[in-house]
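In what follows, structures are represented as structure tokens.
Okay, so chain A shows up in both of these, paired with chain B first and chain C after.
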Partner chain A sequence: MADKPIQGEKRMFMTGNEVCAYAALAAGVDIMYGYPITPQNEIMHYWTRLAPKHNRSFLQTEDEISAGFTTCGGVLSGKRAFTATAGPGNTLMQEPMSMAEMMRIPAVFIIQQRGGPSTATVIYSQQEVTMTCYGANGEGLRVVYSTANHQELYDYTIKAFNTAWKYRFPTFVLGDGYQAKMRESLTMYDPELRGIKMVDTYPLVGLPGKAGADRDPAHLRNTYNTEEELYEVVKELVATYEKFAPEIVEHTTMECDDAEVVILCHGIVSRAAVEAIRELRADGVKAGMFRPITLRPFPAEPLRNVVQKAKKLLIVESAEGQFARLALPSLYGLTTPMETIFKPGQGITSDEIVKKIKAMA
Partner chain B sequence: MTTATVLEPKMPKCWRQETKPHKFCPGCGHGDILKALGTAIDELGIQDRVVFGCDIGCSLLSWDFFNCDAIQTHHGRTTPVMTGIKRARPELICIAYMGDGGGYAIGAQHLVNAASRNEKLTVILANNAQYGMTGGQMAPTTLPGMKTETSPYGRDVDATGNPTLGPEMVAAITPASAYVARGTMANIPQLTRMMKKALQNQIDGNGFSFVEALSACPTNWRMNAAKTWEFVEKEMTKYFKVGELKVPAAKQEG
Partner chain C sequence: MAKVVKIALAGEGGQGVQSVAEILTEAANEEGKEALYIPNFGVEQRGGVSIAFVQISDKEKVGSPKFEKADIVIALSDRAIRRCAQYVDGNTVFVYDTFIEGVEDDLPKGAKKVIGIPAIDTAKNELHPRVFNIIIMGAVVRATHVVSEERAKQALEDKLGYKFEQDPKLRELNYRALERGMQLVEGQL
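What follows is the complex of A and B.
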């Protein structure tokens, strides 16, 4: 085995896509399957340069459907495997993602959101929220981490593999085109040195011994013959997901204790919110921020508690209300007045948030 | 005095007895094709290394057919799932089993690209010239003039093209190390030999191996048993020539 790709701790300055490739290496990923689509390409580019030096593999498939299904195959065979995609590729990949939901295949998907619908732009958006959380013909039994910076891309890419294999639900790192392409500094580390033990992987097919003699064969399917049978299966899946959700769910807040106006946002938009809060607080406006880190499962109770105390709520996202639709069921019955900044496919600056909140006062 | 001889049906050893009789319609080709595959697995002694993948459509009924690890996946996606396994665990013998829809329509891009990449897989495709499980619609392999639910006046090749010649296509795009053949449920000993060669090619690490097997649909063809056999043996073979199309360094089966 080659040396560990990340020795000790290193301060680095690099693009988000490069960070994802390094994080996957540090997480002990065995194989990546992928198909090119902007803005996630450099994850593959760096992986294909680094992987052979560390005895890891790569396959460039014929499309995203295949990339998703080969990833499922790699995971079923007991390897730590992942893929990455964006936009129309995410749309195509919903099919293997639904199989991963049904069979509880611990596959990891990195999504670097671009504009939509359809081909749209190759740059940036937060418009893959609904699809990543609830795409395909399923119940959204997935774990989705929405990252805000390169450090989180590194931390949560590593964490995604452990969440996937510990709980056996497909797990997503939801970044975006800005995070994918821009450079910023972060600390890379060997997970082991920080006490992070990578969860062991294990095969679901290709098991040792002769099936029928030494053991039962692994017979996996996602087709069910009757409505009653499917009902039992899905109810069990949902119950398992809900049992684990409290262990998985994550959020962060800023200045919420006395906040009169709460900014609700996720991902990179939260960085504009952080700056806006600093400016607003300097001007005597009591603003705070609530940011879900897991969009699935959603931190419903903590959000409700924060919004309940506030006088106003502002939902900010680079999409036309996809994130708001995720959040609003948590607020059912509350009467806190709400306003929004919805900017599909565009970035959001702190100035816009400050201006909006001052106008709301 | 004579003693009565009880003849038990001879099943391949790698079949899972608990799931027999199988779930295919009486007279369906799948049972015979899977028997040929099972015999080949037995004779090669690879049962403990086989991972069997099947598609959506009638082939999915084989998900618990063998005493081998098996996975039933999505329509047309068996090839990439098995590719993913094989790439991650090259020591396993990966078999992708599908129908003509899974291989030549919805999953055609996967078949073409797996063949082009010379994936070390064995793909077995049952060609029964129509879609069985969904109720007998036209398939890429439906014969000219053949009536199906979506070609009720007979397949018009001007409007819908000619039957897909799968093995011919795969043979054209694979390197010399691939194995490509078309067998038939009407000749099980030959089909078994083809299956063995196809698996041996994977065991040897040579490259892609592909066997199409002409098959029958006793339900949607709306024929009696005699006509069904006549259709498999005489009508289908007019378009789909039985034989080996690509054999790496071995004697060709006629």
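What follows is the complex of A and C.
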């Protein structure tokens, strides 16, 4: 890990998948475990091209279940490790992901959402929100960053490794097929030059000394015998997650101070919202946007404060209300009228949002 | 508000519309503009109409990767012409190849302008079938002015320079294709 694959700062023009591979490299990732699935294939492809040049490793597994578990295994041995998947692969990977929650394994997962259910399309959607935040059996004790552009794919892929290792909860970068495949500009940088220190990794098992005598045993359990035992463990996991949540949670707003209509959206849809707000403001319509960056934990309080002041709320997403279901509990009791644009598996343009808001006004 | 030029390039797989989009957006990026390109990557990847969605903005980041209506649509096959009707409105310049037969009724009625160019013919008879897509690139450059001619040439150099080194005639051929493409739309805009 002596070499610096990204020197200084550099403006680049490339696909989102390429960006993720470079970001992992810049973050000092030791190994990627992977299984191909569209639209995230090229994360693997680029990683396999870049990794040998920088003394990093790659293992292709027989399926996504295996890719998820080997990632957990790599992390247990002290490696900065990640995997990437999409759609049906995300479904299959839920089992290792829930194990990572239970055993506090700081694994990083990059998800490039595609249309569902099942194999559906290879293109685009925001339909993996519920699954990425709350998939598998368990309570969804995960960190999920929803990115909107290539710069964020780079920034948050790097950040995901630090969040994972600092708090020891599995951490997700939730992109989508459009971000994966489109080309646009971004600035790559050496994290250290921006004052970002990568959190040290360490083995969670196989520690030196005799367990019980020289040190506490590294007793990472994934199986419990009684209801009572499990209840206690999960309650403690939840309490730890909630304790850290205020440090982890992130959101951004645009023109919310005097907004009469607030657009609530996340990820790439927010780009259409930003464009729509510029247009609407030019026409004298007071529109604003609230965008959670972390979908887990969810920025409930700031959202409530914004919506409370607004006259109307518009939720926009490329899914049938998955994101709305995450957001609505934070708004319980408010009477702000709400409308939606739900387009499962289809992109959303600024024109649609502008039209809708003008019709709402 | 920054002006964003929206371009839809559509053809059959193998006609090279995706490489045109790639070279063009890289050229715009090199010029310091904000460019966004996304291929239509559904089943069309495996035989069918291939569409490249390109947006180039003076300074601000481009919004959503796809758009409803384009400023310019370039359709290079009969199926592409029909498929792209949805991206045309009163502000769209619609360019198609005059080599395509039997599409008179499919050409969009409400476009700002419909321009037929003999790109396939020019490639075949005047230059070389291999540079067909560079002729198209020339047409886009002239019709939109999203990048300068010099920058477009530089982008070709960046992309194909290693081939030009081996065979300098290729450089000349590609430059000529670019210029011919520009001439084909000139005067029709």
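Assume the second predicted complex is superposed on the first by the 349 of 361 C-alpha atoms of A that agree within 3 Å, B and C clash if a C-alpha of one lies under 4 Å from a C-alpha of the other, contacts with A are read in each partner's own complex, and residues count from 1 in each chain.
Rule of thumb we're sticking to: contacts are C-beta pairs under 8 Å (C-beta built on N, C-alpha and C of every residue); 3 or more make two chains touch, one makes a residue touch a chain.
These numbers were taken from a predicted model, which means no experiment stands behind them.
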| item | value |
| --- | --- |
| First, second, both or neither for A:293, with chain B first and chain C second | neither |
| Contacts of A:207 with chain B and chain C, given as first, second, both or neither | first |
| Touched partner set for A:70, first chain B, second chain C, both or neither | first |
| Touched partner set for A:123, first chain B, second chain C, both or neither | second |
| Touched partner set for A:29, first chain B, second chain C, both or neither | neither |
| Superposed model, chain A: greater residue contact from chain B or chain C | B |
| Chain B versus chain C as contact partner of A:282, first or second or both or neither | second |
| Chain C residues touching chain A - in the complex, by the definition given at the top | 1, 22, 25-26, 29, 34-39, 41-42, 61-69 |
| Complex interface listing, chain A residues touching chain B | 30-31, 33, 57, 59, 61-63, 65-66, 69-79, 81, 95-96, 99, 203, 205-207, 209-213, 217-223 |
| In the complex, chain A residues that touch chain C | 11, 13, 38-39, 121-123, 149, 177-178, 181-185, 268-269, 271-272, 274-275, 278-279, 282, 347-352 |
| Residue numbers on chain B that touch chain A, as the complex places them | 14, 16, 47-49, 51, 56, 60, 63-64, 66-74, 77, 80-89, 92, 109-110, 112-113 |
